[in-house]
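In what follows, structures are represented as structure tokens.
Shared between the two complexes below is subunit A, which pairs with subunit B and subunit C, respectively.
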Partner chain A sequence: MDLNELVSTSGEWLRGSGPESDIVISSRIRLARNLAEFPFISRATQQDRTEIENTLRDRVLEVQESGELEYVNVNDLKVIDRQFLVERQLISREHAESEGARGVAIARNEQVSLMINEEDHLRIQVMHSGLDLQSAWEQIDQIDSLLAQKVNFAYHPKLGFLTACPTNVGTGLRVSVMLHLPALVITRQIDKVFRSLQKISLAVRGLYGEGSQAMGDFYQISNQITLGKKENDLVKQVGDIVPKLIEYERKARDFLVRESHENLHDKVARAYGILRTAQTISSEETMHLLSSVRMGVNLGLIEDLQIPLLNELFIHTQPAHLQKLRGVELDTADRNIERARYLRRHLNKSNGDEAN
Partner chain B sequence: MKCQQCNKTATFHITELTKGKPQELHLCEEHARQYLTQEEEPAVAPSLAGVLAQQLAVGQTAEELAKLDQRACPVCGITFYEFRNQGRLGCPYDYVCFQAELDPLIVNIHGETEHVGKKSARFPEGTEKRTQLIRLRREMKEAIDDEDYELASKLRDDIRKIEESPPHKKK
Partner chain C sequence: MDLNELVSTSGEWLRGSGPESDIVISSRIRLARNLAEFPFISRATQQDRTEIENTLRDRVLEVQESGELEYVNVNDLKVIDRQFLVERQLISREHAESEGARGVAIARNEQVSLMINEEDHLRIQVMHSGLDLQSAWEQIDQIDSLLAQKVNFAYHPKLGFLTACPTNVGTGLRVSVMLHLPALVITRQIDKVFRSLQKISLAVRGLYGEGSQAMGDFYQISNQITLGKKENDLVKQVGDIVPKLIEYERKARDFLVRESHENLHDKVARAYGILRTAQTISSEETMHLLSSVRMGVNLGLIEDLQIPLLNELFIHTQPAHLQKLRGVELDTADRNIERARYLRRHLNKSNGDEAN
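Moving on, here comes the complex of A and B:
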């Protein structure tokens, strides 16, 4: 697959369409599976890993239901290209940073990716823009069933699908929804919301999964339990909580508009101002400011910007994307200058201002 | 209504239920923000290693623990100590041979012990038969390392036999 073809687009998860897409960024479902005749990754020899990769790659590529798939040998990729796939949410950080034979099959539309030799032999992921868990589940269920006819997945009559870590055993299912919750952050209600989610066994993570910070006010909500519940119930458990979180976020936004309109408008306008004029800017600050601007656009405080452009800026200003777009590798200082230049060019172009 | 801590209008009305009896607070935006941020840190989900350590500490002597740590899976060779350290199992058979230790851990994580979701499309015994391949391949590699080629070739034949047998039957 030519990764350069992907660079200029923004991918599925930031497509910015689908139901409730001003708050719900994307819906993602993954299944963990292992081949019965090989040890799990921690005990696999290099030869095992190669055989696992060969077996799964051939079977995975036969599954037409995933859409047109392209296989990427992650072990052969340059560090920047692995980082690019992580930013794109097509592989995990763990998959990018580990060693040995491994790869990923990616659908052209980026809705499906199948990681081989991650923590488990196979991690199937389906991602849809907006709040769309049910159809994502139907798609992944179908892909899994077709694969199960071609290979022997490790399965125990009582425990279900066996995984390298007992936290995933049973269904191997992780259902997650990515939300943009800037108003809950500003009104300091976010920790309370998270504590109540943890009480009902839902996990909260940042933008790039485990251990990552909640950059740009993006949060992923997912199930923690994988055993003893039907897949549909797990999908429903996460799906049912989302409308409540949307309601809280909307209430917090209404509250800010009503009670501190000037402060809010000021915050949004300053964020927009910095992004349009800065000469050097870090990735973290960019995410933080774009988050304010995104909320400002959704609340009608900024009228000359469209959400698709903003979503594109979120991903294009990430380190690997920025370098791939520029066509050269840059150190941190040069990246910050290039990022500021990229932002000025795109944000000033949209309202006819030629300043660069 | 005025903020309980200054003269501004109270826009946050908070009812705390955690300290025994309900306690009402009326605060302006600024003081509400201060109040809400001084709350305790969000509870961190217990790590797998932490849960495991806690469980093993209950009802086991140090001697029993040391003995348990040395137990190894006959299929993949992983010791319980290694699993405890890295939090990752070595092969599907670990769920059988460390069952007594894993069961309470699984209840702790999931609150359940039985899978009720999607079933494998395959004959359930498929996994057990297949895991024998893991053991045979490991033994063959060890035989080659020991230059015991006679044993290695016998093991290779055993492996082929399993590989060529029909992988599954429909129920």
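Moving on, here comes the complex of A and C:
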């Protein structure tokens, strides 16, 4: 797969369409699976890993259910290309940073990716733009069933699917929804909301999964429990809470528009102004400002911008994307300059301004 | 005098022309004088004050040396109009805020103003745009001489002119130059420079004189000593130091352009971006941002703006100007909204943008 062909698009998770896509960025489901005849990765030899990769790669590529899959040998990739796949949410940070034989099969439309030799032998991921858990579940269930006919997954009649980490045993299922919650952040309600979610065993994470910071007011909500429940119930548990979160966020936005209109408009307009004029800007500040602008567009406070362009900027200003788009590797200082240039070019284009 | 006729212009002190006007905003000279036959203001009765005003007003208006003078009865003015005259540097804050019979004669071009019943019976001020102390001195000296033929100024053969405050006794002269020193502020050299000035008995003040904060990197340098020196020497002392300060500021700007070009450009460009997009903005933040933009224009980092427009914005965004331009009195919150609107309208016009 030529990663350079992907770079100019924004990928599935930031496509910016699908139901409730002003607040719900993407719906993602993953299944953790292991081959019964091999030890878990932590105990596998290099030889084991190579065999696991060969076995799974060939089987996985036969599953052409969800568009053509292409295989990327992650171990052979340059650091920047691994980082690129992380930014697109096609592989995990752990997968990028580990060592030894490993790879990922990716569907052209980036809705499906199958990581081989991550924490488990196989991690299947299906991601849809917007709030679309049910069809994501149907798609991943079908892929899982097809694979189960070809390989022998480690399965215990009482425990269910066996996984490297006990927290995934049972269904091996993680259902997660990425939400954009800037108004709950501004109104300082976000912590309260998260505490309520934790009480019902839902986890809250930042943009790039476990341990990552919440950047740009993006949050992932996912199930903690994988054992003792049916897959459908787990999908339903997350799916049922999302409309409530959407409602809280919308109420907070309405409140801000009503009670603090000038300050909200000011925040949004300044963010847009800085993004259009900065000469050097970090990734973190970019996310933060794009988040304000995104809310501004959704609230009609900015009229000359479209959400898909903004989503594209979110991903294209990430370090690896930026460097791949530019075609050279850049240190942090030069990336910040290139990022500012990229933002000016794309944000000033839309209203006929010159980038200066 | 109809103050509303002045409001749409930027006045003399921010005309933005004259020698070295990228750094030297204005050159100002004032003389403190008192009538021999009346007590100082602190001991004068209301009756005295009224007589002083009547006497001086009639004499002053006969001096049509420097263009037509018009008289404004400050005691009759609304608070907003007094504030307006302070913002234009035509009267002092003390004159605006005190009580009783008092007024000011103002030349149409605002180069000359004569305050009656300020701290002294008469304060003559001549202000020229840019670095132009010598001709300001010649002009004020001529006005003083003409008045001295008409009234009897309190004068002691040994001490010189007698004034209400001992710090003005002798010449009654204050020579001051308003400088824009943003690069010395950024490079943290400003305090060192000011300490050196204090050693040679020069005072440093903010934009609106004694006790006022240095806003927008504007500083007034003036003589402390008024006694025991000839007027010409006092003018020369301030006049001689200014080229050195200009040189320091230019060196600091060169240093920033050379060693920190991206950061400087970033600071300037963001300031411009915020001024063009903010929906609510305080007077202080406006000054601060306009100061960066002004330096940016002078260094060629911003090309689509002219200094006279910027100087006009400095004065027009002051509270009283803003309200007079709008034609209504506004509270702080509404002023901040109106100020942002005014800035957007004027800064976006120049490059064909819509104010949004």
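Operating definition for what follows: the second predicted complex is superposed on the first by the 356 of 356 C-alpha atoms of A that agree within 3 Å, B and C clash if a C-alpha of one lies under 4 Å from a C-alpha of the other, contacts with A are read in each partner's own complex, and residues count from 1 in each chain.
Note that contacts are C-beta pairs under 8 Å (C-beta built on N, C-alpha and C of every residue); 3 or more make two chains touch, one makes a residue touch a chain.
The shown structure was predicted, so the numbers you read here are calculated from the model rather than taken from an experiment.
Enquirer: Touch test for A:S196: subunit B only (first), subunit C only (second), both, or neither?
Expert: In the superposition, A:S196 touches no partner, neither subunit B nor subunit C.
Enquirer: Tell me which partner A:E303 touches in the superposition: subunit B (first), subunit C (second), both or neither.
Expert: second
Enquirer: Let me test your reading of the model: by the given contact rule, A:A340 touches which partner, first (subunit B), second (subunit C), both or neither?
Expert: A:A340: touches subunit C, not subunit B.
Enquirer: Which partner does A:E262 reach: the first (subunit B), the second (subunit C), both, or neither?
Expert: second
Enquirer: Where does A:Q46 make contact in the superposed view: on subunit B (first), on subunit C (second), on both, or on neither?
Expert: neither
Enquirer: Report for A:D141: first if it touches subunit B alone, second if subunit C alone, otherwise both or neither.
Expert: first
Enquirer: Check the residue A:T277 against both partner chains and state whether it touches subunit B (first), subunit C (second), both, or neither.
Expert: Once the two structures are laid over each other on A, A:T277 reaches subunit C alone.
Enquirer: Subunit A residues in contact: does subunit B have more, or subunit C?
Expert: With both complexes superposed on chain A, more residues of subunit A are touched by B.
Enquirer: Touching A:T167 in the superposition: subunit B (first), subunit C (second), both, neither?
Expert: first
Enquirer: Please output the residues of subunit B touching subunit A within their complex, sorted ascending.
Expert: 11, 29, 32-33, 36-37, 39, 42-43, 45, 48, 75-78, 82, 86-92, 95-96, 102, 105-106, 109-118, 120-122, 124, 126-127, 130-131, 133-134, 137-138, 141, 163, 167-168
Enquirer: Within their complex, state which residues of subunit C touch subunit A.
Expert: Result: residues 262-263, 265-266, 269-270, 272-274, 276-281, 302-304, 333, 337, 340, 351-354, 356 of subunit C touch subunit A.
Enquirer: Can you tell me which positions in subunit A touch subunit B when the two form their complex?
Expert: For subunit A paired with subunit B, touching residues are 34-43, 45, 48, 119, 141, 144-145, 148-149, 152-162, 164-167, 169-171, 173, 187-189, 191-192, 194-195, 198, 201, 203, 224-231, 255, 259-260.
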